[in-house]
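Take a look at the structure below.
Letters are used for the chains, namely A, B, C, D and E, taken in the order the chains are written, and counting of residues starts over at 1 for each.
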Amino acid sequence: ANYQSDLVSQKQLTIGLEGTYKPYSYRQDGKLTGFEVKLGQALAKKLGLKAKFVPTKWDSLVAGVGADKYDLVLNNITQTPERKKNYRFSTPYIYSRYALISPKKAKLTKVQAIKGKTLAEGTGTNNAQVAKKYGAKISASGEFANSLALVRQGRADGTINSLEAYYAYAKSNKKVSDLNVTDLSKQVKPVKVSALLKKDNRQLQKAVDQALKQLAKDGTLSKLSKQYFGADITKAPK
Amino acid sequence: MWSIIEKSLPQLLLAAVQYTIPLAVISFTLGLLLALITAIIRLKQTRGAFKILRAFFSFYVWLFRSTPLLVQLFIVYFGLPYLKIKGLFPDGIKLDPFLAGVLTFSLNTGAYASETIRAAILAVPTGQWEAAAALGFTNKQTLQRIIIPQALKISIPPLANSFIGLVKDTSLAASITIIEMFEVSQQIAAENYQPLLMYSLVALIYAVICSGLSWLQGQLEAKFHLTTTGGES
Amino acid sequence: MKLKHVNKSFGSNQVLTDINLEIPAGQVTVLVGPSGSGKSTILRSLNLLEQPESGHYEFDEHLQIDFSQPLSKKDLLYLRQNTGMVFQDYNLFSHLNILDNITAAPRHVLKQSKAAAEATAKKLLAKVNLADKAQSLPDQLSGGQAQRVAIARALAMNPKFILLDEPTSALDPELEAEVLKVLLQLAKEKQSLVIVTHNLAFAQAVADKIIFVEAGQILYDGPGTAFFSEENQHPRIKRFISSMTFTNLL
Amino acid sequence: MWSIIEKSLPQLLLAAVQYTIPLAVISFTLGLLLALITAIIRLKQTRGAFKILRAFFSFYVWLFRSTPLLVQLFIVYFGLPYLKIKGLFPDGIKLDPFLAGVLTFSLNTGAYASETIRAAILAVPTGQWEAAAALGFTNKQTLQRIIIPQALKISIPPLANSFIGLVKDTSLAASITIIEMFEVSQQIAAENYQPLLMYSLVALIYAVICSGLSWLQGQLEAKFHLTTTGGES
Amino acid sequence: MKLKHVNKSFGSNQVLTDINLEIPAGQVTVLVGPSGSGKSTILRSLNLLEQPESGHYEFDEHLQIDFSQPLSKKDLLYLRQNTGMVFQDYNLFSHLNILDNITAAPRHVLKQSKAAAEATAKKLLAKVNLADKAQSLPDQLSGGQAQRVAIARALAMNPKFILLDEPTSALDPELEAEVLKVLLQLAKEKQSLVIVTHNLAFAQAVADKIIFVEAGQILYDGPGTAFFSEENQHPRIKRFISSMTFTNLL
């Protein structure tokens, strides 16, 4: 297969991700794990490559793929028109639901209500774009854990992020009764999450799409989804 | 390219005026004050309870000089809210990002500048102390009227360097959600996918600001007749 | 001023041993002796820049000090106000202009008014031939000028005694002469002076009394004339004088 | 709490040994070499073509001293791959993160240290040049045998400070995907949600390393009979 | 050594004006004159540490220099090898021990072997009474010792002339005597010396020839004895000598 020539380093699938974003990618006892880590390993295996992960701060994650720091990014990245102009996307592997998380007292349940409020979001994320679209002010916070900390400490009015990430957070923090979480899937359409690739890497994209198809077929994708998200979100919502 | 620069430059400059410069100026002013107090307390010959105060200030200087600024910022902004002290801070210490930034930068500058001022006070020749003592000045009068004015003059070049350093260090404030200049450049890069251009642009702005400050420093030193070490080669 | 049985060590190094001396008012007393013998230490003890471990110091009828006791602030201040000190390297306050150098202590220690202090300062500057330098900064002066300002600064406190530690050692001979001229003038006016110097020609010219110090002890204490006369001389002193005048080299 | 510390400490120390310390040591060594060359070139009296070389090095020093290290790291790691130069780098300059880190830290250290060394060379008293010249030494011999050895001795304290600063600055390497100590602490904190504890722990490790280095610096200075300015108060 | 019609300015400040002088080999020539008159500039011109704008310098039969022409490296090296220089503040190489200070130039400039250079150095150290200091560092020496090492360092190049710029001005009289003793010894051995000094007693004792400089011009050039004699004196010189010996103060 001639996608080999697209690779940053030979015989290796180099994958960029945050590594601090539970349950997508995070460390457990020092070892990288999470849905997208397992997915990356499975992808690599299908392609007959070794998976190599490069944890990168969100701020520079997308810039890194253009700079050939890794072959693709698996980091709950959503397809958007602007990104499509500059990058290449694989077929989607999950459909991520937005959640609006805010302190209980604030009673923020409608996405329209965030107008003029300050939301903690990572620079250039989809979450930030949604928040901006509905008129919120952005407080640039790199990591999800930090964003939630800011909300709970009352230093941000709320945050929009993926519902799955919130569930993972709620699981490891016994007490989340101070938080109010609204599933925004009714208000903002769930978004396609795909691997992000460099514009020129058409061959690699084809190969990745092929591999994803096989992973969906053999049930690996749904299995991983259930394991890390507690639900199968790999199918397009009706 | 030019259109991108034209579009982003105003945003970057606004961020500089709103955050980068105020952060640097306010923190430096507070830091200098703290540094002066710290330097004097640490230089005092002491007895009894005062020793504890001195040890405290020595600890403070040690702590802030031997840990990275970035870690300090994280501790103050993300860490302190978890520090729950019954009675005093039952809910932890939660600071607004700008305040957290000013606090950290001031403490950091204070620690380094106190060493600068301390060295400057020690660099004032012993003869100045003796001359003042021989004229009947008390220690306090000597410090205030003779030593500190001379020490501050000696400190001008290193302190000016510290200020320029602080301007550059404000780029770390992005990590505690302050949207200073570098953060803005990253946000723009996340939109237009031109990181090299955006980072270079922001580097250029820093370079212009810092060179301007260096020039001012030169003027200041010339005014106070401070000459840098000279020689022949 | 009298020192009685004074001892002083730095660490384990005994620098002054049982020093007894009297310094008469209205006269010029010159301390001479080889390098490291303890001249500066004696002078600095008279001004309490050094505190000996033991012995007594009878300054005047008002002030007697027992060196083995801690010093009171009041005594220290009294002593400092009544003795002026002139250092080898001038020690002018480098951030103040000449006028402020002279008025600083009268204003802040004696609490004189600014106007009064400046009037005195100007008179003193005229006396040391530097009336035109009032607004200069110390580093704009030559060494000889700086030392004359230092003398004026000491005089401004109107002290009973002025102590001078090698006031001209850092100066070229011609600049030295400027300063010595001023000191001779003061001597004529019966200002009490205590001078440490290596310049034997000057010592011979000006000293009412000479004290010769060697290894922390006093080997000679008497009139200047007798010190330099050929007869009746201690062999060590003879050797010292001849080494100072190169007569033994040839 | 203790169990968390027990679990995370080995990870942090491993990161220190794997990244923090090698980054600092390698970059400092290369930076020092670069600094020496830069200092000498910039001090040389020049004619003709050499002037361009000197201007180039002056520009380099200016650039790296007047922009933030964080921005430099971003430009080298994320920016340079976009710099496509036909013939030379048709695909941009793509560096491995560690290499990019070493390169940036070396260049940064080189710029600052060259100023230190330059000042030290100028601080060698003119009399040393004159004495050597009077004995028939050429300029080059004088520089090599008399001036540089003395200048390096003068530079020890400020260079040691630079090294300690560099150790702390490696905490910025996380931003270019190097998993150094502070990044590891953040990752652990993202898992156990104990940021205060993790950041404090990492701060402590830095403090221990830096204090150790300060102590070594003291030994070194004592060995070379360098005394810091003294005085009385 | 001869200087002919030499002029030298620093910026707009003409420091030497039409200087003509001859320095005989095997003798002691002493340069005296008030501060700032140009003595050091003359001495430094002899060693080309300063280059005058115009005039001629006839060093010996091999080397004639026209100051208005650029200097060749070869001439410079020849001159430097044949003149030694001793500075007021010694300028010993502070990072080298005493032995290395003395052997550095013989080894690296004259390319002597280490052993040969060290053998010579040890003899010279013995000559200046410092045989035991070979391994010391410069800052472990007293000023007098340091200056004697500086003299030994100059001698190690075996120069035709040794130039000394106020070699004892930084020293106490007793340390000064140590150095002067060495210089007298060299004079006796007919080493050619050119000495700038403010010490007239020493000048009188040692000078074969005296050159008096004032404001960049030579006012006297002749035997030492005539310079100090009461008759036949230039009034300016008279004034200078008396100011140096304080005879006019009293």
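Going forward, contacts are C-beta pairs under 8 Å (C-beta built on N, C-alpha and C of every residue); 3 or more make two chains touch, one makes a residue touch a chain.
Computed from a prediction, not measured in an experiment: that's the story for all the values here.
S.K.: When you check each chain against chain B and chain E, which touch both of them?
M.R.: Intersection of chain B and chain E contact lists gives C, D.
S.K.: From chain D, what is the lowest number of touch steps before chain E is reached?
M.R.: Contact-graph shortest path, chain D to chain E, evaluates to 1.
S.K.: Weigh B-C against A-D on C-beta contact pairs and write down the one with more.
M.R.: A-D
S.K.: Taking each chain's centre as the mean of its C-alpha atoms, give the chain farthest from chain B.
M.R.: The chain lying farthest from chain B is E.
S.K.: Please work out the Cα centroid separation of chain C and chain E, and write it as a whole number of Å.
M.R.: Computed from C-alpha means, the inter-chain centre distance equals 35 Å.
S.K.: Quick check: how many Å separate the C-alpha centres of chain B and chain D?
M.R.: 20
S.K.: Can you give the whole-Å distance between the Cα centres of chain C and chain D?
M.R.: So the centre of chain C lies 52 Å away from the centre of chain D.
S.K.: Could you check chain B for residues that touch two or more other chains and list them?
M.R.: Those would be 78, 81, 125, 195.
S.K.: So which stretches of chain A touch two or more other chains?
M.R.: Only 59-60, 63, 66-67, 146, 149 qualify.
S.K.: Specify, in ascending order, the residues of chain C that touch 2 or more different other chains.
M.R.: Residues: none.
S.K.: Going by the touch rule stated at the top, which chains touch which?
M.R.: A-B, A-D, B-C, B-D, C-E, D-E
S.K.: For chain B, which residues are in contact with chain D within the complex?
M.R.: 43-45, 62-63, 65-72, 74-75, 78-83, 119, 121-126, 129, 139, 143, 164, 168-169, 171-172, 182, 194-197, 199-200, 202-203, 206-207, 210-211, 214, 228-233
S.K.: Looking at the complex, which residues from chain E come into contact with chain D?
M.R.: Chain E residues touching chain D: 47, 49, 73, 77, 80-81, 83-85, 87, 89, 91-95, 104-105, 108-110, 139, 153-154, 157.
S.K.: Please output the residues of chain A touching chain B within their complex, sorted ascending.
M.R.: Residue list for chain A touching chain B: 59-60, 62-63, 66-67, 82, 86-87, 120, 123-124, 138-142, 146, 149-150, 153-155.
S.K.: Can you check the complex and tell me which residues of chain D touch chain E?
M.R.: 125, 127-128, 130-138, 141, 145-146, 149-150, 153, 225
S.K.: Once bound in the complex, which stretches of chain A touch chain D?
M.R.: Where chain A meets chain D, its residues are 16, 19-22, 26-30, 54-57, 59-60, 63-64, 66-69, 143-146, 149, 172-173.
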